[in-house]
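A, B, C and D label the chains in the order they appear, each numbered from 1.
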Amino acid sequence: MSSAFTKSAARNIFYGGAVFFFLLLVALTFDTMHTLPKRDNRENLTESVVRGKHIWETRNCIGCHTLMGEGAYFAPELGNVYKRRGPAFIKAWIQGQPSGTPGRRQMPNFNLNEQQLDDIVNFLKYTSEVNTSKWPPNIEG
Amino acid sequence: MNVSMSLSLPHGNRRELPGDLAMWFFILAELLVFGIFFLAYAFARTRNVELFNASQLELDKLSGAINTVLLISSSYFVVRAVDKIRHGLARACAHWLLAAMALGGAFLVVKLVEFADKFEAGISLSTNTFFMFYLGLGFFHFMHVVLGMVILGAVALKAWKGGYSAADHVGVETGASYWHMVDLVWIVLFPLIYVLR
Amino acid sequence: MTRTATFQWLILMALTAAAVGLSRSGLSDSALLVPVLLMTLIKGRIVIDRFMALQGVAAPWRWIVLGWLLLVLSLIGYAFHMTQT
Amino acid sequence: MKYKSQAVAKPYFIAAIALFIGQISFGLIMGWQYVVGDFLFPAIPFNVARMVHTNLLIVWLLFGFMGAAYYLIPEESERELYSPKLALAMFWIFLAAGTATILGYLFVPYATLAEMTGNNLLATMGREFLEQPLPTKVGIVIVALAMLFNLSMTVLKGRKTTINLVMLLGLWGLAIFFLFSFYNPANIVKDKFYWWWVVHLWVEGVWELIMGAMLAFVLIKVTGVDREVIEKWLYVIIAMALITGLIGMGHHYYWIGTPEYWLWWGSVFSALEPIPFFMMTVFAFNMVNRRRREHPNKAAVLWALGTGVMAFLGAGVWGFLHTLAPVNFYTHGSQITAAHGHMAFYGAYVMVVLTMISYTMPIMRGREANSPLAQVVEMWSFWLMTISIVFITLFLTAAGILQIWLQRIAEEPMSFMATQDQVSLFYWMREFTGFIFLTGLLLYVASFFIKGKPATAK
């Protein structure tokens, strides 16, 4: 005689296991939200950064770039670009696009004004100061 | 040959697995998770022995030991409960299960006092790697005790209502197996985190 | 049956007391590591074979769980042994 | 077909396949842009092509899931769908919304699109995979709720089987977790944290329930194995999927500003995520080996087995390759992620939808199975697409390894763009393989138009 294997037991394992681990996830989420202020650089979340994030989103930057490693892998990582290139370079770069070099990957020109450029730079500065557990491995991202 | 047989391969005179196979899949998954965490602790420690040894001194060994006694005893009560139902004594089975749950509850209280003490001292999951494991594994196991008590409670209720008999008590064995797993994990966890250094 | 279980429960209690005693004795390194791990092994085996009643159960179940215990304890032993001076 | 109303699945499946072709076309455009950077610039910049590629994927898979649900839930419930008209209306609404969104991406600058569609009222756009304008997102919720109402009423009034309940639970989860797409805090860490509650809890959570239910349904039908056996294994498999997958979400919380304990929790649990996929493979083969009948639809059986294997390879093995935190430290955000993404989506979700289509379409067209010739062509398309995706994955993995070496490990790390130049050979090979995939897909479409006497059981 083989050991018992019933559908009702399997069902209970499924529901019990799902609820159990979802509750664990909620508990860890709760602790994460509690710990984030020490890591997420929220003290520097200025009005300008908020506007910068909005520009980041409405220009769909994530469609080519990564930010902290998430996004598309077509263009360089920008989570640490502030540290890699500095503010002046970033602004000049955005304004100088597209390069028009034949065969090279092209970035559109978004016609950002001076304040918008400052906002996006501030957003990238804020992002670069989040504690990401030492990622990326080096400055190249 | 059906699938449940192909996996448990019974041979004539061998006894069958106590409890439902589905529960054993769950138990194996849990043992795997705990096993990996234990080894992660042991090997993370090799890279930071001083920190682990120093932090370990802040633990309350006595409450860990009391909890070991509580869990082992409650496991024993569950053995008695299974023995009762084998003889068809459903009420006695439920009584032993309730006693086991009471000890489980005591375990939770001791654990909560221990954790409250640590929180008061400002210790959290992010304090250092040792406390990450101590609190993380402790809480993870804590949740297992709670789940185990829910399972035992359901089994006890059904036993009380006469849902099991000497001939058919797979459900009791299923719940018992889970509870013993919770005990087994603690038997390794206690020396690993509280004692060994 | 009941008596055996009671006896095993008492052994488990005694082993727990012994482990706590050892931890208070101020022993260190292998003098602590080896006995504690051995006692844990015995305790684990009692829970697996007697309480869980896996002894005599058709393969491979008993060996999966006992193997888990052996593997985890020996690797823990190895990791702790590595750090001893 | 047992119930007339199951036929609403047909337009859903046709739309799914049509959008699949669109998805692959834009994939090929992107693949070309990877090697010839200014291809189609400025008409279709890379980010636009990518939005279309990924959004079409999501939308056509949703069409597939919905079609599958409208087909299998009446059959499992043993009654007609609560409201076929509502299902059909939702089809047109969803198709219109999806098409309008894609056209918006293609013909309106994204910033203008955002402004036109109320993104300033509630900013939700511009995040990976959730680029849809607000009205589209709201539309998705409405369509999903209408569908859930329709299906839930059907199940409530009919037979409640495990497959029914799991499918319904998966779809409810899909709708509920999508609500997190409306939460977009300014804090980038919180933004990313809850973004994963949509993305991870979809593809490594509730979608696995949907996938399991669809696979179990087809397996019962084509193997004739006892429902009781299949259903209890379904429960065990999806239990494992959630046990490992929920906390497995931690593998996305390594480097985005979240606390460091996620390195441990994410690594331990996500390392176990291959287990349910492995069980699914063993399960599918086991059931087919123990079949009690020879179903004439060989192609559907092939798709079902292929789903098991490819889901395990793509989601299981390729996921495991880079899920441990010390490895992920180097692979995060590289072509390795892209490699895994392609094979996992194809192996798990594309293939399970195609399995369902393969099984149901002949029935909805009035025969148990297609003609032997049509099936041979379909099986050719299976092999062409599957082998192509394997090679695409291998080429991207090679590109990823080289990229990581040059850009992240080497003594003198190269810049991103310099590295991209170095790995372009692999991108060329990937693009070439992409065309073979397209060939397979076109063959798949062609198989629907091959006539002949339906195959019958031996």
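One rule holds in what follows: a residue touches a chain if its C-beta (ideal position, glycine included) is under 8 Å from a C-beta of that chain, and two chains touch if they have at least 3 such contacts.
Source: prediction; values computed, not measured.
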Per-chain Cα centre nearest the global Cα centre, belonging to chain: D
Best-connected chain pair, where connection means C-beta pairs in contact: A-D
Greatest separation from chain A - chain, by CA centre: C
Chain A-chain C separation of Cα centroids, rounded to whole Å: 46
Centre-of-Cα separation between chain B and chain A, whole angstrom: 39
Centroid spacing, where centroids are CA-atom means, of chain B and chain C in whole angstrom: 15
Sites on chain B at which at least two other chains make contact: 2, 8, 10, 16-17, 22, 25-26, 32, 125-126
Residues of chain D touching at least two other chains: 232-233, 235-236, 239, 243, 259-261, 265
Interchain contacts, given as pairs of chains that touch: A-B, A-D, B-C, B-D
Chain B-facing residues of chain D, complex: 229, 232-233, 235-236, 239-240, 243-244, 259-261, 264-265, 268-269, 271-272, 275, 286, 290
Interfacial residue positions of chain B with respect to chain C in the complex: 8-11, 14-18, 24, 27-28, 31-32, 35, 38-39, 42-43, 45-46, 49, 61-62, 65, 68-69, 72-73, 75-76, 78-80, 82-83, 173, 176-177, 180-181, 183-184, 187-188, 190-192, 194-197
Chain A residues within the chain D interface of the complex: 5-7, 10-11, 13-14, 17-18, 20-22, 24-25, 28-29, 31-33, 35-36, 39-42, 45, 49-50, 53-54, 56-64, 66-77, 98, 100-108, 110, 126-127, 130-133, 135-141
Complex interface listing, chain B residues touching chain D: 2-3, 6, 22, 25-26, 29, 32-33, 36-37, 40, 125-126, 132-133, 136
For the chain B and chain A complex, residues of the former touching the latter: 2, 4-5, 8, 10, 16-17, 19-23, 25-26, 124-126, 139-140, 143, 147, 150-151, 170, 174
